[in-house]
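Next up: the structures, one after another.
Shared chain: chain A. Partners: chain B in the first complex, chain C in the second.
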Partner chain A sequence: MQFDNVVCAFCGCDCDDISVTVENGRITQARNACVLGKTWFLSHSAPAHLPVARIEGKTASLEQGIEAAARYLAQSRYPLIYGLSSTSCEAQRKSVELAEVLGGCIDCCTSVCHGPSGMALQGVGEPTCTLGEVKNRADLVIYWGSNPAESHPRHMTRYAVTPKGMFVPEGRKGRTVVLVDVRRTPSARTADIFLQIRPGKDFEALWALQALANGRELDKAGAAEIGLTLEQLNDLADRMMHCKFGVLFVGQGLTQTRGKHFNTSAAFLLVRALNRHAKFALMPMRGHGNVAGVDNVLAWQTGYPFGVNFSMGYPRFNPGEYTVVDVLSRGEADAALIVASDPAASLPGKAARRLAEIPTITLDAHESETTKIAKVAFATATAGIHAEGTVYRMDNIPIRLRKVLPSNYPSDEEVLSLLLARVKELKAC
Partner chain B sequence: MTTLTLKLQPKAPLEGEAITPDNFLGKPAAAIAGLPAMHGNEPALLGDFFQVDGDGSEEIVLVGDLRRVKSIAAGMTRGTVIIQGDAGMHLGAGMRGGEIKVYGNAGDWTGAELAGGKIYIRGNAGHGLGGAYRGSRRGMNRGLIIVDGNAGNEVGAVMRRGVIAVAGNAGDFTGAFMIAGSLIVFGQMGIRAGAGLLRGSIVSLKPAELLPTYRYACTCRPDFLNLIYQKLKREGMSIPDGCATGAYKRYSGDFNRSGKGEILIYDQR
Partner chain C sequence: MLKIINGEIYDPVNNINGEVREIYVDKGQITASVAGGRTIDAAGMVVMPGGVDMHCHIAGPKVNTARKMRPEDHRLDPAPRTPFTRSGVGKTVPTTFVTGYRYAAMGYTTAFDAAVPPMAARHAHEEFSDTPIIDKGFFVLMGNNEFIMRQIAAGEHEKLRHYVAWLLQASKGYGVKLVNPGGVEMWKSLGNARSIDDEVTGFGVTPRQIIESLAEVCMELRLPHCAHIHCNNLGVAGNWQTTMDTMKALDGRRGHLAHVQFHSYGGRPGKLFTSRVQELAEYVNTHPNLTVDIGQVLFGDTTSMTGDGPLAYMLHQISGRKWVNVDVENEEGCGIVPVEYKDKNYVHTTQWAIGLEWFLLIRDPWRIALSTDHPNGASFIAYPRIIRLLMDREYRREMLKHVNPKAIAKTTLPDQDREYSLYEIAIITRAAPARILGLKNKGHLGVGADADITIYDKNEDKEKMFSSPRYVIKEGEVLVEDGHIRQETYGRTLYVSPQYDPAVEKDIREYFDRYYTIQFENYPVQLENYLPRPEEVAID
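Moving on, here comes the complex of A and B:
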């Protein structure tokens, strides 16, 4: 059976034009999908042999798992809920409610990817647009500290570079593509201009471009420090100021290197300065399929996009205080609920070790380093393959996921609803 | 004098907002021990964690490893708080008057958005000293902070008024987006000091790597520095020889903003 216009919820592109073929209860083909999307559809639809719940590695029923997990969480003084970027907004909503009932911290993968972009947004504002505007208008496309050819393989072909748009009828020929990075990545092949800056000089480069956009002159020494010539910087600034519609896509090369939120602040301020000369926008290259969704859900429910704490009964926000790495590595969290994420494999050693010391509960479609150390591990259906739901694309456009396969497993939302109900009973609220 | 001695180390962060001279004034020890303090998500009392002795005067002495106790003396307006040990995050945040002395290290956001009063840290300070909370338009706005040791990143970020003096080194983005005020670092500043500086002075006694949006203006001997050094000396800070009367290279910036700010670098010749 074939399903058309299925959404691939793997990366922040959330491509909604995938044709999926289902044979004998599993997906055998995912047409239009990129290499990452194909792997996601094919591997996540493979028959799973995990029990629905495991308590300390032993098979248990869903009810037993919920009871054990609820007790661990209800007894906790400083519980942490983390992950959420690869599940539906509906499950994210339940997680926020659970965090409030528990009086704990809730954080998402944003805090270790584009959290600094969120902090920059609060500090200086975000001049942004949608991917539709990029497709139809952008004649200058800049990727900075991002390697879309490998991280978002269809970003260039579907949204930003090759498609023909309303005001860019020639498609690729009508656009200039610039890549700025500290090394030559496979994305450089698509770029018209590749600028290799010195590692750790992103802030200085963006700051210098802003100075040029503000009409200031720079000296050669300043440019050499960045790793470029003054001519290269002047040329880029000139292209930026004289385009019809420019867009700057920023990746984790900015947000997770020294300077973090100040790097993205510099990018936001540059784009703000450029809008005095041309129409210009900025967009963070969000990684996971619904990481933009969890920012949105948290923001509309608590007022803050990540790193939120409910200990006092009301939401408080402070990256560095309530964010996952800090709460774990300082040894503050005494229980953790991990939804659709694998922090034991990805976080710094000290934080990952803390997860093994405390009761950790996981909701995941497959086995991971975190499920291996979990006290209670639930196997759940994959949103977008076995379960419906809503995700937000990297430009904050909501997209509805489809269910193409039946599943023996409950969805994240269903498990979280049961967990929430039991925690409410235990907390008597 | 009221003395609070830590008798039980909190397992989760303890919210110590209640520990201010304003709150303690006129209360007997038993009433102080009965003041609320959230322990993680559980309501608790100060007396659960501290041995309280004293008479509820304007002077408070805290003894113990208080790294897990947050917001001590936050928002205080009067009196003295002396900490014999390390203090947790948000020490004296939003404080409006009085004095805090820490004979140990202080955590992140110490003196954040300070609006008056003095903080003296004998050890090291964390990140965001005298800085602003995320999304805030202003950091420290009046007051004085002295650190004998080192300070972390973003010292005096978005600072509006007041003086911060760090005897050791300061981290990256010292005085970032500072609006006005004075910031003095005797040691080495991290990278990108004064990024987005609007007005105000950042002084360093060691050479610093400056952003491309700063320009050398002149070499001078600013009188105001001598006055600040005299004030710091009166507060108990030891001032390196020669810096009060020596020459400073003045760099103006940040030209991505008004260009009315300055970074003064001690001319060691």
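Moving on, here comes the complex of A and C:
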């Protein structure tokens, strides 16, 4: 059986033109998908072997799992809900309510990827657009601290570089592609111009470009400090100011290196300044398939895009205080609910170790480092393969996920609904 | 079942002006009688239909980006969880839950978001699913839609009509919205439309043609609500001429002019502006095809959010405050900037006075709706204060002492003696907006109407009276008592489903393949997944 126009919910591109072939209950083909997407679709067609719930490693029923997990959460004084970037908005909405009922913290992968982009938006605003605007209009495409060839393999071919667009009818030939990074990555092959700056000099480079856009002059020594020549900087600034429609895609090379939200703020301010000369947009290269969705759900339910605390009965936001690494590594959280994420493998050691010390509950389709240390582990259906739901692309466009395989497992949304109902009973609210 | 006795009823649709009558409610509707059930004794109270806000910004990508942008705003107004309600934040861009509660607590039971790009319609519906109590719907942005402009340029009026119907169905929207027609498209290359006869770069059409064609299509499709127009040149000195040109271009066709306050400025671009309400209001008074909402400004800090990208950039350049711009492929754009209206400021005083002039100079209250263009002029929470400004001449005069005297001297406001009656307030806050929207079951208390009812304690201070109603009843359930939410329910989403010739889909699909980044099949909003309580409003 073939399903057309299926959404690949693996990365923030959320390409929705995948043709999935299902034979004998397995996905055997995912046409149009990139190498990451193919793996995502095909790896989910393996026959399920995990029990729906495990309590301290022992097989349990869904009901037993819910009871145990609900008790851990209801008894905790400062629970943390984390992950959420690879599940549906429907599950995310339930998670926020659960955090509110528990009076705990809720944080998502944004806090360890593009949180600094969210903070730049809070500080200075954000001139941006949808991906189709890039396809239809961009004649200058800049990737900064991002390696789309490996992280978002179809970003260039489907949206930003090769496609023919309304005002770029010649496609690739109509665009200049610039890559700025601290090392030569495979993405450099596609770029017309590759600028290798010195590590830790993103802020300086962006600030220098802003100065040029504002009509100031720079000296050679400053450029050398950045790792570029003055000619290179002037050339880039000149291209930026004289394009028809420019776009700056910013990656984690900016957000997760020294400077963090100062780097992103410098990038956002640069693009703002450029709009006096040329139409210019920027877009964070969001990683996971629905990390933009969880920012949106948190924003409409709490006002804040990540790192939200409900201890006072209403939402508060303070990155560094209510964010996952801090809440765990300071030993504050006394229970954790991890949804569709593997923080035990990805967070700094101290934070990861805390997860093993406290009752940790997981919802995941796969076995992971986190499910291994979980007191209660639920195996759930994957949104976009076994379950429907909504995801938001990196440009905040919402798309409906399809269900292409049947599943004996409940969705994240279903488990969270049961958990929420039981926690409400236990907390008598 | 519910019976309301001894209350003074203000139900202008049924010509009831303060008479004491009984109202009966059963199964969510007003009925002719009931046997049993709760009785509310409304002696000494005022009974009106639930309020209807026909132009606000409460859901979707623009509103949510504004939420993301303004943590400093949220901090000022936390809303804790209660046994009946979810938590959130309020102030100028409230969270979805708080939006629903605060409308309800103020006696408003229906609200329409004025600007949703169809590509993000699913987002608006998701937020509506988390917006409690009130009924809601949205207008679909079409005034800069490139497919639409191409059909107009090609003289393909039939195809245009089918496409508009298709787009309304695909987005599950309620009406057709034009925002700075043509100008937002031009902003995509840093331009803007400066008159309704400027040619839209690259498309060979003018704003005038877009206005005429879409107003015509709305009438041909017999949509319950006419074309809803945010004119070109919002906020620019001298824009009254553009507004007048737009009204004339409608040439007898039905049209609703949104937030006219922002479109009534004399003077020359770049200079201080003056009020030109008299000419515009007189034109509206003598042209029954036109309706308006005001977009009243009140002094204080708020958040400007608009589908009018170049306008937001202008505001950013004036204030230097943070600025969001989002251009949406093939469809629209938007801009967001925090703004503060200051009472001593010449321009802001003029804007404040212009809004009030509109209220006081329009003779037929059935063609005007109270709005602040929430949150652009002020939060919807300010409605009770506006009501007091309209009902209480002395209060208005007191306010005049605190605003910029030079600005106020150039308006007619100090000369206006008119005071609104409760009956007229009931018109501009419920009966008229419901009628303008074509909602037959809302805005009145006749048999068969939705049992959305607000009961106020009488009070000389009209701001207090309208801020916290004694009871708010939605679909026959008493949800608010003494200013507190007693029960959380979820209202309906109102949408229209006009018919179109499916043959048009072939062209739309081709267009999607070439210029969109989402597949044609994945574009339409699934009714069963995104509208938990759908209500299709019938087309006559």
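Here are a few things to note about the model shown:
Note that in this section the second predicted complex is superposed on the first by the 429 of 429 C-alpha atoms of A that agree within 3 Å, B and C clash if a C-alpha of one lies under 4 Å from a C-alpha of the other, contacts with A are read in each partner's own complex, and residues count from 1 in each chain.
Just so it is clear, a residue touches a chain if its C-beta (ideal position, glycine included) is under 8 Å from a C-beta of that chain, and two chains touch if they have at least 3 such contacts.
No experiment lies behind these values; they were computed from the predicted model shown.
Once chain A of one complex is fitted onto chain A of the other, the partner contacts of A:R93 are limited to chain C, with no touch recorded for chain B.
With both structures placed on the common chain, the touch criterion links A:F317 to chain B and to chain C.
Contacts of A:L228 after superposition: neither chain B nor chain C is touched.
Contact with chain C, but none with chain B, is seen for A:A278 once the two complexes are overlaid on the shared chain. In the superposition on chain A, contact is made by A:Q122 with both chain B and chain C.
Once chain A of one complex is fitted onto chain A of the other, the partner contacts of A:M394 are absent, as it touches neither chain B nor chain C. Comparing chain B with chain C, more residues of chain A are touched by C. Of the two partner chains, neither chain B nor chain C is touched by A:I385.
By the touch criterion defined above, A:L131 reaches chain C but does not reach chain B.
In the superposition on the C-alpha atoms of chain A, the part of chain A touched by chain B in one complex and by chain C in the other spans residues 122-123, 310, 312, 317.
On chain B, the positions that touch chain A within their shared complex are 11-13, 15, 38-42, 68, 89, 108-109, 127-128, 133-135, 172-173, 176-177, 191-192, 195-196, 211-213, 255-256. Chain A makes touch with chain C in their complex at residues 4-5, 7, 16-17, 89, 93, 97, 100-101, 118, 121-133, 135-137, 158-159, 164-167, 244-245, 272, 275, 278-279, 281, 295-296, 299-305, 310, 312-317, 388, 390, 392, 396-400, 429. If you check the complex, the residues on chain A that touch chain B are 76-79, 102-104, 119, 122-123, 203-204, 207-208, 210-211, 214, 216, 218-219, 222-223, 225-226, 258-259, 262, 265-266, 269, 273, 310-312, 317-321, 332, 334. Residues 59, 61, 63-65, 67-71, 74, 78-81, 83, 86-89, 93, 95-97, 119-120, 122-123, 126-127, 130, 146, 188-190, 202, 313, 316, 322-330, 336-337, 514-519, 521-522, 526, 529 of chain C are the ones touching chain A in the complex.
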